[in-house]
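So, here's a batch of structures to check.
Shared between the two complexes below is chain A, which has chain B as its partner in the first and chain C in the second.
Take a look at the complex of A and B:
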């Protein structure tokens, strides 16, 4: 069974909404913001792609959001935009499932809760921080706020989270457990993440991103939420279809990409994953769009949004790559493979068509 | 800073009451229900807030119920416990 993509809601370093993503794709670049973390009297400045949630007030009163953290707000915002585009904000959502794919979950709140525990002890640990720190909090907020009373789930498998969660979405739809799935990919930035990434990658976090330079670490941290309304109803396919989702390991069982597909590589400047892209893509027409939204596990959902938009618009978006090795297809692609590798050769492959 | 002013400040910050300013919280205004509009989840959070910012423990419902009525009752409770 293939899944029709009915609508998209998205917020990332390029702005908010599908129009912002499309403008970024047409421009071919997004200037990263400057993040700053003060530690031990020194200021650490670094490039990053942060997502704004200013427009959330359009959908919810502030009071309704006061116990909800940035991660869940980002998630709610992406979900709101997807529902709005599909015209489902006022619809009966009792048969709409919710699935969130995330690599890190509520990172900032998790560390805030741990800090409060360490600083003030058990009795002074915030119950609100605790409830927001569990991975399923964002999915629960989405289900509750939108009265989406069908199953609600969060899937966490780092870089493979999006592909893995999509398999579940397809099962739910195929089994008839739901009529639609409100599917989201969300990850957030936090200062602890910056600390870790700086320790691991040092100057490799300074950009500029060069996803097709597989020899150099060039990742720039990002965050955001990409949402999709997925349905069995093929008449609702505003953005084409997800035909197949495959998870595997290239080392154990080498991946051979479909010869007639345009490849959107999830390459995001992580050198550890570079060799897998180099081995599998070869001379196929391919591009990577991570320089528009940065590096984070759920960015595979952003690649999916780019693929869906490419199919809808029937055109090809060029993103200048610093290594200059992007191969341009001869005509607008009719089939797209979104490929995401993890460092150990694990891969997620999502195939889409018009 | 006076206890009541500090209480209002930490209430707004720790309970994320972005739509209220300290001046808008009356000292005798009920914290729950019709007044400031806090609920049972806020009550649990308030116990933590009072202990964290004022070093005063609200041990049980018998102590908490009268103390958590308003800014005035909560400030009086904190003062009494701090001086006791």
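Take a look at the complex of A and C:
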């Protein structure tokens, strides 16, 4: 069974909504923001792609968002945009499943909870931070706010989260458990993440991102939420179809990419994944769009949004500056493979068609 | 109606025992040993009893503590027990479509409070803890250690994660995505969850008392419960210990931490599981309930059981294991299959006095059962409800 992509809701470093993503794709570049972390009297400045959630007020009164953290707000915003585009904001959602893929979950709130007892003692641990730090808190907020009473699932598998979670979306639709899946990919930035990335990559996080330069660490941290309404109903395929989802390990069983697909590589400037892309893509037509939204595990959902938009528009978007030596075929895209590798050779391959 | 999925191997370790046989024996002997945590300390004025593993366990790994986080070690230990029980080893799995679907909560949370404390204090903490975290996704660890090439999924649906993982794993067999799935749940006891649950004021200062009128809350625990699921084609005429007959899940969409008072989500999940199994409530021999010992959970859950499964015996095994969070559904599904196989249920330890608000009475002593099917259910933060209907295996 193939899944029809009915709508997209997205928020990332390029802006809010599919139109913003499309403008970024046409422009071929997004200027990163400048993040700052102050520690020990010095300010660490670095490029980053942060997601704004200003538009959330359109969907919810401020009161309803009290005690909801940035991670869940980002998630709610992406979900709201996807539902709005599909015209489902007022629909009965009792047969709509919710699936969220995330690499790290609610990072900031996880550390806020630790703050509560490290600063004030264990008897002052914050119940609000604790309950919102649980990985499925964002999915719970989505289900609560939208009265979605069908199955709800949160999956975390680092870089493989999106492909793995899509596998379940496909099963749910094929088995008739749900009529639609509100599928989202979300990750957030936090200052501790900056510390970790700086320690791991030294100055390799200063950009500019060059995802096809597999020898250089050029990742720039990002965050955001990308949502999709997925359905069995082929009449609703505004953005084409997800035909197949495959997960495996390239080391255990070498991956051969379909010869007739355009490849959207999840390459995001991480040198330790570079060799896998180099080995599998070879001379196939390929591009990478991570310089538009940055590097984070759930960015595979953003690659999927780019693929869906490419199929809808029937044309290739400008290869982002600094993407390296990539090629696009002359004819309109009919099939696209979104490929994401993890450092150990784990891969997720999502095939889409018009 | 779904085809039954064969369960060919079972593995479990938790506060009740270091393997499945030990767990069952200690439960039938009515033994439980909650005590203050000994793997970590806090300055909390109250010491809440927990159920930690009684002994250390050794995996076939060099330096296992440094390589993987404890949750993944637990998952791997239970997976190896289950695979051995099913007659599989690493070599014989090679070339087969083997998936791994594991539920957890702590296992995927960046709960590194020593690292974070140093960071907050302006130090530059070393990255070994973070590197270990990045290596320790539980499903990936099992796949990596066994050199598997199928789909992996780590489910983080809070306390229903293990139940969901088994249901989703069965679906991979149904669809033909996998020949074999290693499915279940794993979670370690952590200072972070200890602090979190005490902040919610749903932990008991004494051994927990599921469904009792004097219940005050849960005791945390740790462990893993894993089963091996196989397609008929792969199993051939090998014996099955049990079958996954049906799975259902639904969301309350009501509250982040409290169950919906009318139990609508749990009823919906049960209804889906019964439809998938092609069975009726009258065919259920017993229910392994979520039964945390918190006032809200036990009240709502017993109300649903009374309405949907009137007169069917039920029990909570959390008095023996503690609440093992993401592992709970895996451990309890394993216990359910094993209880069906043995034709006997352990007593719902901790229950003494009836609560007028609780409809029905859990089994209060070891009880012989005669039936083909049983139900194992989990309720979770986020309003998740997940239900498995499990069938008795080959005689």
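Assume the second predicted complex is superposed on the first by the 350 of 354 C-alpha atoms of A that agree within 3 Å, B and C clash if a C-alpha of one lies under 4 Å from a C-alpha of the other, contacts with A are read in each partner's own complex, and residues count from 1 in each chain.
Here is the rule we go by: a residue touches a chain if its C-beta (ideal position, glycine included) is under 8 Å from a C-beta of that chain, and two chains touch if they have at least 3 such contacts.
Just so it is clear, the model here is predicted, and its values are computed rather than measured.
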Have a look at where A:180 lands relative to chain B and chain C in the superposition and call it first, second, both or neither.
-> neither
Chain B versus chain C as contact partner of A:249, first or second or both or neither = second
Touch check for A:125: first (chain B), second (chain C), both, or neither?
-> both
First (chain B), second (chain C), both or neither touched by A:62 | first
Would you sort A:199 into first (chain B), second (chain C), both or neither based on which partner it touches?
-> second
Touching A:98, do we find chain B (first), chain C (second), both, or neither?
-> second
Classify the contacts of A:156 with the two partner chains as first (chain B alone), second (chain C alone), both, or neither.
-> second
See if chain A has more residues touched by chain B or by chain C, and give me that chain.
-> C
Starting from the residues of chain A touching chain B, keep only those that also touch chain C in the other complex, and list them.
-> 123, 125-127
Chain B residues touching chain A in their complex are 14-19, 37, 41, 44-45, 48, 51-52, 57
Hey, which residues of chain A end up touching chain C in the complex?
-> 39-40, 98, 104-105, 107, 110-111, 113-118, 121-123, 125-127, 130-137, 139-141, 143-144, 146-158, 160, 164-165, 167-168, 171, 174-175, 177, 192, 195-196, 199-200, 247-249, 252-253, 344, 346
Show which residues of chain A lie in contact with chain B when the two form their complex.
-> 62-63, 66-67, 120, 123-128
In the complex formed with chain A, which residues of chain C make contact?
-> 42-45, 105, 108-111, 113, 116-117, 119-120, 122, 124, 127, 130, 134, 137, 139-140, 143-144, 147-158, 164, 168, 171-172, 174-175, 177, 192, 195-201, 249-257, 264-265, 268, 272, 380-384
